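Below are structures written as structure tokens.
Two complexes are shown next, each including subunit A; its partner changes from subunit B in the first to subunit C in the second.
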Partner chain A sequence: MTLLTVDNLRTTFRTDDGPVCAVDGVSLTVGAGKVLGIVGESGSGKSALSLSIMGLLPESATVEGSIRLGEQELVGLSKHDLRALRGSEVAMIFQDPMTCLNPVLTIGWQLVEAVRLHQQVSRREARKLAIDGLAAVGIPSPEDRLRTYPHELSGGMRQRVMIAMALLNRPRLLIADEPTTALDVTTQAQILELMRDLRREVDAAIVLITHDLGVVAEVCDEVAVMYAGRIVERAPVDELFAQPQHPYTWGLLASLPGRSRTGQRLHQIPGAPPSLLSPPPGCRFAPRCALVLDACRTDPAPSLAPVGAGGSQVACLLDQSTRDREGARYAAGEESA
Partner chain B sequence: MAAVEEHQDLHVDGGVVARTPLRLAAERLRHDYVALGSVLFIALLVLFALAGTVFESWTGHPLNRSNASGVDDYTLLPVGPMVGCPDGLASVGEKHCFVLGASNSLGYDMLVQLSFGARTSLIIGVVATLLTVVAALLLGVVAGYVGGWTDTAIARLMDVVAAFPFLLFAVAASVAFGPSLWFVIIIIAFFSWFYPGRIFRGEVLALRDREFVTAARMLGASNTRIVLRHLMPQLIGPITVYTSLSIAGAIAAEAALSYLGFGLPLEIPSWGRMISDAVPGGLYINAPFLMIFPGTLLILTVLAFNLLGDGLRDALDPRGGTQL
Partner chain C sequence: MIRFLIRRILGGAFVVLVVTLAVFVLFGPVLTWKSNITPARLYAGKSPTAKDIEQVKTLLGLDQPYYVQYAYGLRRLVLGPSQDERDRVCPGSTAEECDQLLGRFGSSFAKQRSVDSLIAARFPVTLSLAIVSALIWLLISIPIGVLSAIRPRSLGDRMATVFVLIGQSLPVYYIGLLAIYFLSYRLGLFPLSGYESFAITNPWPWLSHLLLPALVLALAFAALYVRITRSQMLDTLSEDYVRTARAKGASEPRVVVRHALRNAMLPIVTMFGLDLGLLLGGAILIEVTFGLQGLGALAVEAAKRLDVPTTAGIVLFSAILIVAANIVVDLVCASLDPRIRLE
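== the complex of A and B ==
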């Protein structure tokens, strides 16, 4: 069952230098109990996309297109109605657990507050829910933890608290914006483990935003690769790693640290992402693409089209045989230097 | 080093004992002897102010009453401390005995006037500061949180008020409105709110874009709730500090106005006026205590509130180190 449907979403920021279209015609769907990974480098529009869904964009941004949660349209909803949805129907986990908890208030205060924002329950019941929530994310002696302040907890613990807080009101959609980026590797593994477990338990749709393909491989069902505000490739996770279709995805795969031998320089995609103030016509990856065709440099840009039997979609003008050949090389890790 | 000690402190009886930021601040304050001395002085000053009627009955000299025996018959100077008390303190209560001398050429009792003057100073200091802090919070927090044109308008208003010459305006206004206690309180608050207001605005401006505010919004909290429940607790530090500093400023401002002879009606005793009473005819040259008593009290009081404010700032500043 499809829970989240994003249709032709355009998010534009007004800036002093002109409008910046951070999300440009993105469409995607996520089913209940499924995890969609969104990968892309910094500035590719991942966070703008997630903030658009949450309705947390600053005043200077405008959102066009459609975001539907179940049957409900979120674009154009009043502030009041959006607020009622946030924290109860949709919730979000942020990148840095060090800064997203209020340093001068206890964990318990903040959790109880989160419950009572959406549920008409007594303080005592809210406390009970908070304790259950902490226990569910694997925090030992949750009752004692309620009295502690964020600074007394480690980064991993704080991220668990944040996850508990996001899940307190049983949201149907959970957006995780790089939830493991600020954590050390061991803790990352634990948090990913936790998210995998939770996904089974709470049956929420999860949108996982990351630039770490390793994380994608671990927890996602489907992946959308974003580049310069557009989705360039969408595929089930196994397909993405077995038959990557877009040259940008190849570049990401080749850049994985494990792909290079020790002592070798890591692969990098030549060039830099385009300025979104004046994006290049046609495919936005064309200026950096090794296999670029003349047609790639002219509008209209290629749109997502299904390829193969695996359910992949790609926005690329290369012919299928080239893509299959090159994709197989990158999937096998041959193209590493 | 300090961090290690703090760490050990956290583990008492094997369990983790949480120390709230306020408890940490209280602990730091307990080791700040200057601040503690200021608290002690302020406490004694409050007692001194409350004892006004006691002094009246003890000395037998009511407030604002001229006593012929308070003025020396030959020199026409106010009598000095313990002058005319043949048996020392035991003779207090006889009409000739002034413990601290007389406070002006009408023969008011210095002790009684000082005590009621302390009451005036404290009332003006506290009430004007309450108004100041409330106005500063309202305008500062709104400006910082809402931003945009609201912020620009309020920030420019702060600049305008800051640019006003306080004494000139206060003197002119006191002529226009006539002397009264409320006039003094309101004029002082009017010229003080912009300073803590700027501080609160800056604090909120810095806090507004912190991630925990976004997180609170993510959970569905409204703006009012974010300001009152999530941001206000962070302002407790600056509010406390500027309350103390602002009391000192208000007391000094009242004394300045009264010294110039504006603001307070004559029946309300004031240290500032007591100092100015020593000026005509160079009274202070022959009777320096006329200036020394109220002057010293005024300096010590303003100093105490300022030092307490500094101590609170050090104690509440998490970057100040624990120094335990």
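== the complex of A and C ==
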């Protein structure tokens, strides 16, 4: 069952230099109980996309298109109605647990607040729910933790608290914006493990935003690769790693450290992402693409089209045989172009 | 908490000690060395003979080496005047009479009174002015600062900026004179000048005398505090935890008051404590403009008359107040921010 449907979403920021279109015509769907990974480098519009869904964009931003949660349209919803959804139907986990909890309030206060903003329960019941929530994310002696302040907890513990807080009201959609980026590697693994476990339990749709393909491989069912505000490839996670279709995806895969390339320099995609103030015409990856065709540099940009039987979609003008041939090289992980 | 307090108090005592040394050196050896003004000569009255001066020197202990004088001064500051000194300076008078003449901060030559009693007479005026004024400026500036941070560049924010500019660029004596002329003289809303003591049965005379000077003083401070509150709030509102609060579905007033304001208050509290400490040492311009007989006015008077012990006493007293204000600020900050207790 499809829970989240994003259709042709455009998020534009007004800036002093002109409008910046951070999300440019993105469409995607996530089913209940599924995890969609959104991958892309910094500035590709991942976070703008998630904040658009949450309705947390600054006032300088405008959102066009459609975001539906179940049957409910979120774009154009009143501030009041959006606020009622935030934290209850839609919850979010942020990147840096060090700065995302209020330093001057106790963990207990912040958790109880999260409950009581959406549930008509007594303080005592809210406290009970908070303790259960902390226990569910594997925090030892949760009752004592309620009295502590964020600075008294480690980064991993804080992220667990954030996750517990997000799940307190049993959201239908959980957006996790790089939840492991700010953590050290062992803690990352624990948090990912926790998210995998929770995913089975809470039956929420999860949108996991990351720039780490390793994380995607671990947790996601489906992946959308974003580049410069657009989705360039969408695929079930196995397909993406087995038969990557888009040259940008190849670049991302090639830049992963792998066992077979020990001792070599990691691959780097030449060039830099385009300025979103004046994006290049046609495919936005064209200026950095090794296999670029003349047609790639002219509008309209290629749109997502299905490839193969695996359910992948790609926005690329290369012919299928080239993509299969090149993609296979990167999938095997032997090539550093 | 107790250890924190003890450590801060010991630190404060050390600062005061350093200040006493600086005050002693500046108002003692340095002053005598660079000018003809010796304390004994000032004390001895008009055109004294050399013998008079010698007598006074012995009386006040000024014939002793400097380090002995300093040690006596310090002892007097901590323990009060010694019996020996009482016997020397005011023989035959009762303890109460002697207290008028001798005190921890020394004695004024010009007034033949202890600096303690002079400060005690003036301090209530300054204290009242500082408290009433501080209340006014906090009540004005924090709401305005918060509101303009919530809607930066809005009409209200721009008006607040104009207010800040006016408050900061017009000197208090100018606004003060205008206020006296229009509000007190032309409209008769307030007394022209002076001070009434506080009475719990009828505080109105006290308040009516203080209101205008406090308001004018508050205007200057409010301008500064609006600016700080605004910038602190703007910073805090862009913090990640504020976004978390919004993501939880907290309403905007809740986000601002419960999540942002307390974090934004810390630097404001720090500055407020220091400003209040400074003000308690006397608000010279305001006191002179409004004819309030406070510490600031006393300091000006004393400086004009070369009343060295009074001037030095007020400097020392103000320094103690500022140190005390700092300790209170630390305590308030620790109660606002749990992270401070550990440090």
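Following the convention adopted for this analysis, the second predicted complex is superposed on the first by the 331 of 337 C-alpha atoms of A that agree within 3 Å, B and C clash if a C-alpha of one lies under 4 Å from a C-alpha of the other, contacts with A are read in each partner's own complex, and residues count from 1 in each chain.
The rule is short, and it goes like this: a residue touches a chain if its C-beta (ideal position, glycine included) is under 8 Å from a C-beta of that chain, and two chains touch if they have at least 3 such contacts.
Note that this is a predicted model, so its numbers are computed, not measured.
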Simultaneous placement of subunit C and subunit B on subunit A, clash or fit: clash
Touching partner for A:R147 - first (subunit B), second (subunit C), both, neither: first
Which superposed partner A:A114 touches (first subunit B, second subunit C, both, neither): both
Touched partner set for A:A91, first subunit B, second subunit C, both or neither: both
Contacts of A:F13 with subunit B and subunit C, given as first, second, both or neither: neither
First (subunit B), second (subunit C), both or neither touched by A:N102: both
Subunit B versus subunit C as contact partner of A:F241, first or second or both or neither: neither
On subunit A, positions contacted by subunit B and by subunit C: 54, 56, 83-88, 91-92, 94, 96, 99-105, 113-114, 117-118, 149, 162, 165
Parts of subunit B lying in touch with subunit A, wherever the complex brings them together: 10, 15-16, 18, 20-21, 210-212, 214-222, 225, 229-230, 233-234
Touching residues (chain side subunit A, partner subunit B) in the complex: 54, 56, 83-88, 91-92, 94, 96, 99-106, 113-114, 117-118, 144, 147-149, 152, 162, 165-166
In the complex, subunit A residues that touch subunit C: 54, 56, 83-88, 91-92, 94, 96, 99-105, 113-114, 117-118, 149, 151, 162, 165
Of subunit C, residues touching subunit A in the complex: 239-241, 243-251, 258-259, 262-263, 336-339, 342
